[in-house]
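The structure under discussion is supplied below as structure tokens; questions concerning it will follow.
Just so it is clear, A, B, C and D label the chains in written order, and each chain counts residues from 1 on its own.
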Amino acid sequence: MAEELRDDSAAQSLAVDGVSVRYGATTQVLDRVSLTVPPGSVVAIMGVNGAGKTTLARTVTGMLGYHGGRVTAGAVRWGGRNVTGRPAPYMVRAGVSQTLEGRRVFADLTVDQNLGAGGITRRDRRELRTRREWMFELFPRLAERAQQRAGLLSGGEQQMLAFARALMQSPKLIVLDEPSLGLAPKIVTQVADTIRTIRDSGTSVLLIEQNAAMALSVADHAYVISHGRVTRSGPAAELLADPEIRTYYLGLADDGARPEPAAAELGLTGGRAGA
Amino acid sequence: MSHHARKGFAAVAAAAALSLVAAGCAAQSSDDDDTPEGGATAAERELAAVPGFDPAAGVIKIGDILALSGPISATAKEQLVGQQIWFDKVNEQGGIAGKYKIELITEDNQYNPQLTVQAYQKIADEVVMLSGVLGSPSVKALIPLLDRTDALAVPSAQDPSFAKDPAVLPTFPSYQTNVTNAVSYLVSQDEKFKTARYCQLVMDSDWGIAVSEGVAWVTGKIGAPTGTIQKFAALDTAFTAQITALKNDNCEVVVFGGAANNLPSVVAAATQLDFQPQWIAEFIALATAFKTSDIAPYLTENMIFTGPGAKLDDESVEGIRNLLAGLGDTEITVQHVYGYMQAVATTTLLEKAVELGDLSGPGLRRAATELDSISFQGLGGDVTLGEPEERVLPRATTIYHYNPAAPSGLEAAAVGYQAPEGFDDHF
Amino acid sequence: MTSEAAAGPGASAPSAAGAAGGILVPRLTQSWRSRLFIVLGLALIVIVPTNVGSTYWLTVLNGVGVAAIAAVGLNVLTGYAGQLSLGQSFFVGIGAFSAQYFGGSLDLPMVLWLPLAGLLAAAAGGAVAPFALRLRGPYLAIVSLSLVFLGIYIARNIPSVTGGYNGTVVEATATLGPIDFERPTIGGLSFSREQGMFLLTWSVLAVVLLLVANIMRTRAGRAMQASRDHDIAAEVLGVRMLRTQVNAFVVASGIGGIAGALLAVNLEYIRPENFDVALAVQYLAIIVIGGLGTLFGPVLGALFVGLVPVLVDEISGSLPFMSEAGSDGLSTTDLTLILYGSLIVLFLTLEPRGLVQILRRTSVWLRSRRSPR
Amino acid sequence: MTENLQILVGGIASGCLLALIALGFVVVTKSTGVLNLAQGGFVVLGCYLTYEGRQSWGLPFWLAVVVAAILTALIAAIIEATVVHPVALRGLYPPILVTFGISIVIPAVAAGIWTTYQLTLDDPWGLDKVGVAGLTIAQRDIAVIVVTLVVLALFLAFFRFSRLGLAMQAAASDPEAALAQGISDRVIHMTAWAMAGALGAVAGALLATTGGGGVRPGLETQALIALPVIILGGLTSPAGAVVGGLLVGVAQQFAVVRVPDVLGSGFHEVAPYLLMLLVLLVRPQGLFGSAEVRRI
């Protein structure tokens, strides 16, 4: 399946090609993972805690080195260029942005300063101004609180700020790590809407999610990772219909635990993981 | 499991047994050192070999433990140069007793007592004695070890408690004596100092305590009033508070017990507050660089310094003549004098020990008791020797005025001044 | 496994740390290899002093032994329990002056003054621990540093015990029953004081190592390590944080006190300034260079910190570009300091987990070369 | 009254010097999380490089200070990039000990190059003074206060108005999130060290003036005195460093003359630490520190 998609030769497509990742000398976290994010699409990565999702995100965004990890096999290609092992500043300049798990806004800085920090690699002042205006349009709450310290925002608002901060970089691809984690169901729906808006604005999205229901509701294509390997992949609609997926990923977070059929049936709101 | 263990213990036992055999040598070798005293008949012609002295090579090795690195290494190096000049001179004249050349071995103690002990252990078997140990704490740390090995050292320190210690050969007057002489000198120059108010600005340390003792004694003797005692820490750079207090106490004479690191800041604060008493300081508070510094006029105007030495350019004094010859283009300092005097003390003792035919530690200690006194070629007062408990430190101090035109800024005003008021016994 | 310790609280290698599981102390008395190790160690305690004739080298090694004991103590607090401290020299100082007070002024025997020195320091540790433990990281580091300054200040002002600025000669005698460590005789052979002190110091070090190894296998010891690795999780798991950390503080200070007592009898003269910041930083350097949270790290670290300057000094003295003693320019000691400082930097850059890790890797490498046969 | 004011002014001047050194600590701790024990080394370099610029290259005093600050900043940045950065993220201890290693090396190198003799900087103030409302103030003390104010203003302007300043604030707030925005931790860390180097150098130059005690070895220990200041003010707060510096400077001057003898000798040396402990009992994060710091 990955084979077909890789043929997509659009300039800004992301291809992860047989990548293995280790932390330190011994711990292998990813094992020959391949996936593709075509331009203008939302691709979801699903899996349980510790499956390697965040590591995959780091591999793509250049954050791996910061955490002491390295790619031992395979390659990451962005727009046809081999970007394996490039650090985050390089990836950001190349058009790949990210939000981190837990939102991680700069709590001591104002909302405005957070946006400024997000756009720090962009030197075009006019572009930055229009971007900022667009962000305030997209997230009116942020405009209201522009001069407040980000640490004082609510969880949902912080997630919006994290999106806005990353979008200040005018990315071609944005990697979102667990954007729904710890948010109320109503806010999760907003997050999903925002992801669609981002996609529609021309930025493709690599969505790392434990909440498989939410992920599959916005994704065009999805991959399931388990123990560092891609175990399933396909169009989101196809996976949504798959009985096995329904049982294990839409049902429950815990590996091998007894499925909760009710949660699987719930679709969008069900299956909030872990916690 | 237990099998391995037992085997292991057997191994230890064997190893221990072996090592004990080897240890026999290590342990007994020290006893061997004491034996050669038997050949007394040969002593006349040739001295017995002891650690640090090989009669065949005709070389006596001496150790000097001083701070060759760190903040006070500059003065320490000057002391070393002073020592070397006298030893070179002695060697030039044939050596001790005209035949034994002196060789100086230096170790760096970084002014740290623990490193001093370590440094001594390192060279203890290579030297007959120490011609210098820099710093009172270092000397104190070394004394138990010197006593155990019956060794002897010349301290580069002015603590009066060393006077009667058989482990050391004291050379310099104490801080207490210097202060007493300085105050007495002032009184001898001008009656007004008899009734002046005496205050102190001293480092919060044993040095400061020593200075205070001297001030208390001499002011009591001349009946002068005393004022506030201000203290400071070695690292202090701001002295406004202390100088304010001294000024408000109407101090007319201030005894300064501090180092060259502290003096510029003190002068700056005194100038700022227009405080111009008569100052008394030790030569340690001076650096040659002050001659070209902005503080020079204040020093000239207000300060006298105490220390060993004579007029530093007076070639009629033997010690000065030798130092100037040895120093060449280098400007002479009192630190050079200081080191030179230690070397003189060392060679005087060695001459005596050679005469008595024993360069061992106990031999040197005996020689020290046989000597009546040591004189320092006009550079300082004699030290009275004899039995340790009878020793008296030198009583004479040279009083200097500050004068940027003089060598290292010191113009001797009274060479070898000795207070007619006398001294406390334990100074 | 203990190497995980070196990653410290700041590092967050994600799944790696979790997978490694609990931190295990070498099971000292169970595997035959560790038994051999003990036996070898004990043998060395006898063999080294009896064969090293040089009092200088023995003095150096005795200093290493004392520093190792103090560092083993600090390692309990910093390495195992994860609390950065620059205050160890304060507790070492308490031990040193206590030893002189009990052993010298009161003339008690060593069986009393040595434990008393440890107890007093431990009590001081227990007293300050609750305050110190409100703080983390650099805050604790600097606050613990203030202990050192306060300690010197207090010591200066109780001259009846410490001798004040002048310090005091140590009169405590190192005698244990029939054995006089200052004038040891074994089977008719007499040994030097330095040889006796080596026996005493390194034997105590061995006992302290055993003690720490065993503490770390107890519930309380595991709790310390748990509190280091996952502060919050440990609390959830029912580890009583405060008590655990106070325990670590008390053990660390107590061992520091014992080191201080031995330092006192080794030095024979102590003064308040002996127990300064430089000493405190040196202990920290020892455990980090040796390997945090490892049993033998402090010993290796102490050997490094104690021997490197001495060895470098031996070498640098013979270098042609060095200035003569007494002249200007780079002195031998300056060069020694430069090389010593550079080596610390180099080692930590190459292997932040310390000498223990380097040793371990070397032995793995050796074994892997042997194994094909 | 005048006397107290006189002491107060002296305290403010010495507090400003402490503040300059403390700022050097704070900028590194805030941006990189490392407690930089090598800060004293920068003080030493600043002192001797200013001397070199003044006496060997014949530069005017101010130019010599600026050149010394730039050179020290460069050296600091190089040190960071080569030996500190590789361990900066490896826990709390290795970086502290690496800076300890550096702190041993720098003074020894300085001693090798410039000897340990006292030297004279020939600063423009010497012992000059001015009278203000019944007080006499040393010109050098005024210069110290002005320099500190200027440096502080530059500092605040940098953080408020420059891109790099914003990046540094972001990195201080959350290093990983900052990296995720494309803010290179290498650049941030090097900049922080360069700033610390410059701050230390300026402090060193001022300490080496006649009023500060002249050019002399052992200046690295002055940095130790600033340690309680940074805790007092809050480890990551530039404003705290300045307020803490002033507090300690003033408290120490008054401790010298206004404390009864009962408190024993050496009290004014520990006064900063006692003040620090007192503050910590009330506010464990220091006067200006944010509570999050405790989670380090």
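Going forward, a contact is a pair of C-beta atoms (placed from the backbone, for glycine too) under 8 Å apart; a residue touches a chain by one contact, two chains touch by 3 or more.
All of these numbers come straight from a predicted model, not from anything done at the bench.
Between B-D and A-D, more C-beta contact pairs are found at B-D. The chain with its Cα centroid farthest from the Cα centroid of subunit A is B. Look at where the CA atoms of subunit B average out and do the same for subunit C: the two points lie 35 Å apart.
Each chain gets a centre from the mean of its Cα atoms; for subunit A and subunit B, those two points are 74 Å apart.
As a whole-number value, the distance joining the C-alpha centres of subunit A and subunit D reads 43 Å. Counting partner chains per residue, subunit B shows two or more touched chains at residues 69-70, 73. Residue positions of subunit D with contacts to 2 or more other chains are 89, 108, 111, 115, 117, 265-266, 269.
In subunit C, the residues touching two or more other chains are 11, 165, 328, 331, 333-334, 337. Of all the residues in subunit A, the ones that touch subunit D in their complex are 61, 63, 66, 87-89, 91-93, 98-100, 104-109, 113-114, 116-118, 120-121, 165-166, 169.
Residue ranges on subunit C touching subunit D, taken from their complex, read 6-11, 78, 84, 131, 134-139, 141-143, 145-146, 149-150, 152-153, 156-157, 165, 277, 281, 284-285, 288-289, 292, 328-331, 333-335, 337-338, 340-345, 348-349, 352.
Taken together, the subunit D residues at the contact with subunit C in this complex read 29, 33, 35, 37, 83, 86-87, 89-94, 96-98, 100-105, 107-109, 111-112, 115, 117, 224, 227-228, 230-231, 235, 264-267, 269-270, 273-274, 276-277, 280-281, 284-286, 293-296. Residues 89, 163, 166-167, 169-170, 172-174, 176-185, 290, 292 of subunit D touch subunit A in their complex.
By the touch criterion given at the top, residues 32, 35-36, 39-40, 42-43, 46-47, 50-56, 58-60, 63, 164-167, 169, 186-187, 189-195, 267-269, 271, 273-274, 325-328, 331-334, 337 of subunit C touch subunit B in their complex.
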